[in-house]
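Quick one: the structure is below, and I'll ask about it shortly.
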Amino acid sequence: MKKVINVPEQVVEEMLQGMVLAHPQYVKRVEGFEVLVRANKPESSKVALVSGGGSGHEPSHAGFVGRGMLDGAVAGAVFTSPTPDQVYEAVKAVDNGKGVLLIIKNYSGDVMNFEMAIEMANADGITVDKVIVNDDVAVENSTWTIGRRGIAGTVLVHKIAGAKAETGADLAEVKRIADKVINNVRSMGMALDSCTVPAAGKPSFVLDDNEIEIGMGIHGEPGTHREALRPADEITAHLVDKIIADMPLVVGQEVAVLINGLGATPLMELYIVNRKVATLLQEKGVKIAKTYVGNYMTSLEMAGFSISILKLDDELKELLAAPADTPALVQF
Amino acid sequence: MGGYLYEAISAVGETIISNKQMLTDLDAAIGDGDHGINMARGFEAVKIKMQALETENDIGKILKMVGMTLISSVGGAAGPLYGTAFLRAAAPSQGKTQLDVETIGLMLEAAITGIKERGKATRGEKTMLDALEPAYEAFMEGAKADKSVLACLEAASEAAQQGVEFTKTIVATKGRASYLGERSRGHQDPGATSSYIMLQTLVEFLRR
Amino acid sequence: MKKVINVPEQVVEEMLQGMVLAHPQYVKRVEGFEVLVRANKPESSKVALVSGGGSGHEPSHAGFVGRGMLDGAVAGAVFTSPTPDQVYEAVKAVDNGKGVLLIIKNYSGDVMNFEMAIEMANADGITVDKVIVNDDVAVENSTWTIGRRGIAGTVLVHKIAGAKAETGADLAEVKRIADKVINNVRSMGMALDSCTVPAAGKPSFVLDDNEIEIGMGIHGEPGTHREALRPADEITAHLVDKIIADMPLVVGQEVAVLINGLGATPLMELYIVNRKVATLLQEKGVKIAKTYVGNYMTSLEMAGFSISILKLDDELKELLAAPADTPALVQF
Amino acid sequence: MGGYLYEAISAVGETIISNKQMLTDLDAAIGDGDHGINMARGFEAVKIKMQALETENDIGKILKMVGMTLISSVGGAAGPLYGTAFLRAAAPSQGKTQLDVETIGLMLEAAITGIKERGKATRGEKTMLDALEPAYEAFMEGAKADKSVLACLEAASEAAQQGVEFTKTIVATKGRASYLGERSRGHQDPGATSSYIMLQTLVEFLRR
C-alpha cells in the first residue's frame, strides 16, 4: 500500500486537522469529535443540515460545509458510518432552534447510527428529521432488499436542500425539497481499479488488466458485474441507459448532470465522459441546465466515475443555481 | 463472577482482534472490507474502558459499558447492532454477579431482539442473525434438557457455526452485501462469522 | 493501459468538446483549433491572458479561463507543448487592443513554440509579451541549464495576474505583477506512481512497491532521486525544507499555500500533507493568508502531490483574494 | 529530382513512424516519453500534406512545406527545432530541382544554424546537435575531398551515430533531460537519435 499518510489509525484525525488549517474561513472543529461545522454561525436562524458517513469520500462531506450547503459534517472511520454520539454532537453544535435535517446515504450502518443519534437528540428536545439518499440504479430496488445505495447524487441534495434552508424555510419544507431531489436523481458508476482502505492495507478488490467493474459502490463494494474494458462512449452509454431506464426523460425535460470522479480518474477522462453524456441527452431532446464535472464523492484512490442525472423543475433549478460558498463548491 | 465475566469479555475481545484480518477479508468479498477493522477498533476501546471496571462485580454494568463502547467506537452496521445486543443483554443481568443457564438464555433472547429491532432483519437474510438465532435455539434446547452452562453454550456455538455455513448458501437481502444480489452467494457472512467466533471463545473460556 | 477514453488520438479533441459542453457559460471553442476562450468577452477592454501547454494537466489550463483569471487556453497533445499556430490563434481570439500576456511554463518546447507565436502575432501588429514560470526547486538553477521547470505555481500566476488584468492595468503592469508572483513562488513535488500517456500506452516510469520519486516533473519526467516510502510528515517536511532553503521566510511573512494533487492522490492525503505544511510554517512564525488544496495542475493519473508556497505582500494578497469565476476556481 | 526528394522524405517519414516506440522509450528514460509520438504525428501530417505536392519539382518548396507542417503538428521541443531546420534548409534549395554536394552542405549548415538560434543550445549539451554538428563536419570533409553525395552522407551518418553514442557519456544541460542532471548520463538522447536515423535513411535511400 502506497499512500501519503503517517499511520492508518490517524488518517481521519489528521485529515480533519488539515482541513481546518486549510479552510479556517469555512470550517471549525467540534473539539473532541470527528465533526466539522461552519466557522461562522449563519447570520439568521435557519434549519441546519448535517451530513456525513465514512471518511474516504472527500470532499464529501466536510468539503460542502458552508453557506448554501451543509452546516455540519460527521466523519466516520474510512468507509465506516460514524457512530451515533458523533452525529449527535454535530446536531447539537449546529442546531439553532429551527431544527436539524440529517442527510443520510442509504447504507444499513449509516441509517442505524444516524437514527440512534436522532433518538439521542430527540431525548434532548432537539427537533431532528432525516432524508435517505438512494440514487444508485446499479442496485435493483426491491422490497426484499434495503433498497438502493446512496452515492454521488447526495451532493446535489446537499446543494439544493442547503439553498432551501438558506431561504429561511422551515424543517418540513427543507425536508420536502431534499426528498424531491432524492426522488428525481439517479446515478450509476463504474471502476477501473480498486481503492485501498488504509487500515486494510490492500486493495478492496482486484481487477484484471482489461477488466472493469460496473455499478460498484463507493466503498469498494463489488458491483453488478465485471466486463472487459470498452471505449469510454460505450461505457457511458451503458450507464446513461441504466439511469434513463429507471427514470425516463421526456423531450424538453431540463436536467442537471454530475460527472463524478472517484478519486484517481483524470479530469480529462471525466470530460470525455461528459461529452458523451451531453450528446446522448441532447439527442433525446433533454436540456442540460447545469453540469458539474470533478471529484465530488470519491472513493479514496479508486479509478472510475459515476454519472448522476437530476430532473429539474423551476423550483429545483433555482435552488441549484443559488450561491454556495464552501471549500469544495463555490457558486455565485 | 464479575471478574470472571471481565476475563471472558477480554477473551472475546482478543479473539476479535486476532481475527481482524479474516473478518475483514470476508467483508471485502461481499461488503466493504471493514468488519474486522471495525470490530477490532471496538474491542480495543472496550479493553481501555474495562480497566476502570476491573473491580466491578455487577455483570449488567459491565455489559452496558461494553455495549455503549461498541456503539461509540465501531460504527458501520456492526456497531449499532452488537452495541444494542450488549446493552439489551445487560438488562437481565443487571445487579447480578453470577450467571446461570436461565439468565444467559434471557440475555441471548434480549440481545437478538435488540438486533432485530435495530436492523429490521430476519433470519435467512445472510446476517449475524443466521448465526445467533440458531445458537439461541440450541442453547434453549440444552436449557430445557437441564444441561450445564458450558454444554448449552457448546450447543449454541455449534449451531452458530452451522449458521455461518448456511450463510454461504444464501443470497444477502440485508446489509451491504444485499447490493450484490446473486453474487453474494457462495460467500460466508462476516457478521455471522464474528458472532460465531465470539460464542466459540466463550466456550473455550469456560472449558479452561 | 486502463483509461476511460475512446482512442488515444482523440483524447484532447474529445476532452475539449466535453469541457465546452460542461461549461458553456465559461468557455467556448475557437473553431478548428485546440483553443478555448471565454464564452463572453470581458465587459471592458483589458489585457488578455493566454496560457497553455501540453494536455493532461487538467484543470490546467482551460479550467482557469474565466473572469479574474485567463482569457484563453491552448491545449497541446498530451504533455506536449502546443504548436505556434495554435497559440497564435488564441492570441488573435482574445486580443482586444490592450495587448496579450502569455504565461509560459519553463520547458524548452513551450518556450520555443510560444515565442514563435509571439513572432507571428507581432508581425500582425498585436502586442504580445510573455512571462516564464519556473517555480520547481527540485531542479537546480544554474547558468548551465535552461533553468527550473514551471509547475503548480503557475496557477497562482494565472490567479493573480488575472486579477490584475481585470483592474484595467496595462500590459507592462500585468507583466510586472506576473513576474512578481514568479519571483516569489516556489514549488516541489513527489510521486508515488507514474502516469500513463494515452498514446504511449504504458507508464512513463515504474516505481517499486515501496519506492517514491522526489522532485519529478509534471510530465512524468524523472525527478532528483528515488527513495523508500516514508511517512507523510517526513516527505512533507523534506519538500518544505527544499522550498524554504531556496526562498527563506522570515517571521511574520505572509504566504499562500497550494497543496496540489497530481491526479490520483485522494484529497484525504492532500489534507494530511497540508496539516504538516501549516504546522511547519506556523512554527516558523509564517502566516498563512490563503490555502488551496486540490487538483490544480495534474499529471494525468499520477499519484503524488506538490507543495507551492507564495510569499505575499499587500499587493499580491489583495489580488489573490480578488474574485475569480472559472470552471475550476471560483472565489468571491 | 523533385519526385526523388519526395520519395526521400517519404522514406524518412516511414523511418520515424516505424521507430516511434524506440524514440518514445528513449525519451521516457530521461524526458517525458513523447519524442517518438510527436515526431510520428508530424510525419503523418507531412504524408498527408505531401499528396498535394506530388508533382512539385522545386525542392525548396517541398522542404518549406515539410518545415511548416512539422512546426504546426509536432509541438514540444522537437517541433520548432526540426521545423525550423527544414524551413532553413529550404532557402539554399529554393528553385532547385537537383541537389549537389555543395547545396546539401549549405542546407545542412542553414538547418543547424536554425536549430541553434531557436534552441540556444550548443554541441555537448546532449541534444540533436550532438548528432547533427559532427554529421555536418563529416559531410564537409567529404565535400572537400570531392566525394559523391552518397559518400558524403555516409560519412555524415556515421558521425551522427558516433554523436548519438557520445550523448550517452554526457549530462544534459538543454531540453527536458537537463532537469535530470547526473541522472541523464548513460542514456542516449532521443533527439540525437532521431537526427541520426533520418540521415541513415537518406543514405539507405541513395544506395537503392
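First chain written, first letter: the chains are A, B, C and D, and each begins at residue 1.
We adopt the following convention: a residue touches a chain if its C-beta (ideal position, glycine included) is under 8 Å from a C-beta of that chain, and two chains touch if they have at least 3 such contacts.
All values derive from a computational prediction rather than experimental measurement.
**Q** Please give the intersection of the contact partners of chain B with those of chain D.
**A** Expected: no chain.
**Q** Would you identify the chain whose Cα-based centre sits farthest away from the centre of chain B?
**A** So the farthest one, by centre of C-alpha atoms, is D.
**Q** As a quick test, compute the distance in whole Å between the mean CA positions of chain A and chain B.
**A** About 32 Å separates the centre of chain A from that of chain B.
**Q** Determine the centre-to-centre distance between chain A and chain D, using the mean Cα coordinates as centres, and give it in whole Å.
**A** 54
**Q** What parts of chain D, by residue number, touch at least two of the other chains?
**A** Residues of chain D touching two or more partner chains: there are none.
**Q** Name the residues of chain A that each touch 2 or more other chains.
**A** Chain A, residues with two or more chain partners: not present.
**Q** How are the chains arranged in terms of who touches whom: line, ring, star, complete or other?
**A** Basically the chains just string along in a line.
**Q** Dump the list of chain pairs that touch, please.
**A** Every pair of chains meeting the touch criterion: A-B, A-C, C-D.
**Q** If you look only at chain A, which of its residues touch chain B in the complex?
**A** 54, 76-86, 107-109, 112-113, 116, 138-140, 144-146, 149, 197, 199-200, 204-205, 217, 219-222, 224-225
**Q** Over in the complex, which chain D residues touch chain C? Could you list them?
**A** Result: residues 24, 28-34, 37-38, 41, 71-81, 118-119, 173-176, 178-181, 183 of chain D touch chain C.
**Q** Can you list the residues on chain A that touch chain C in the complex?
**A** My answer: residues 2-7, 11, 14-19, 21-23, 55-56, 58-59, 63, 192-193, 209-210, 212, 229, 231-233, 235, 257, 259, 263-275, 278-279, 288, 291-295, 298, 300-301, 303-305, 325, 327-328, 330-332.
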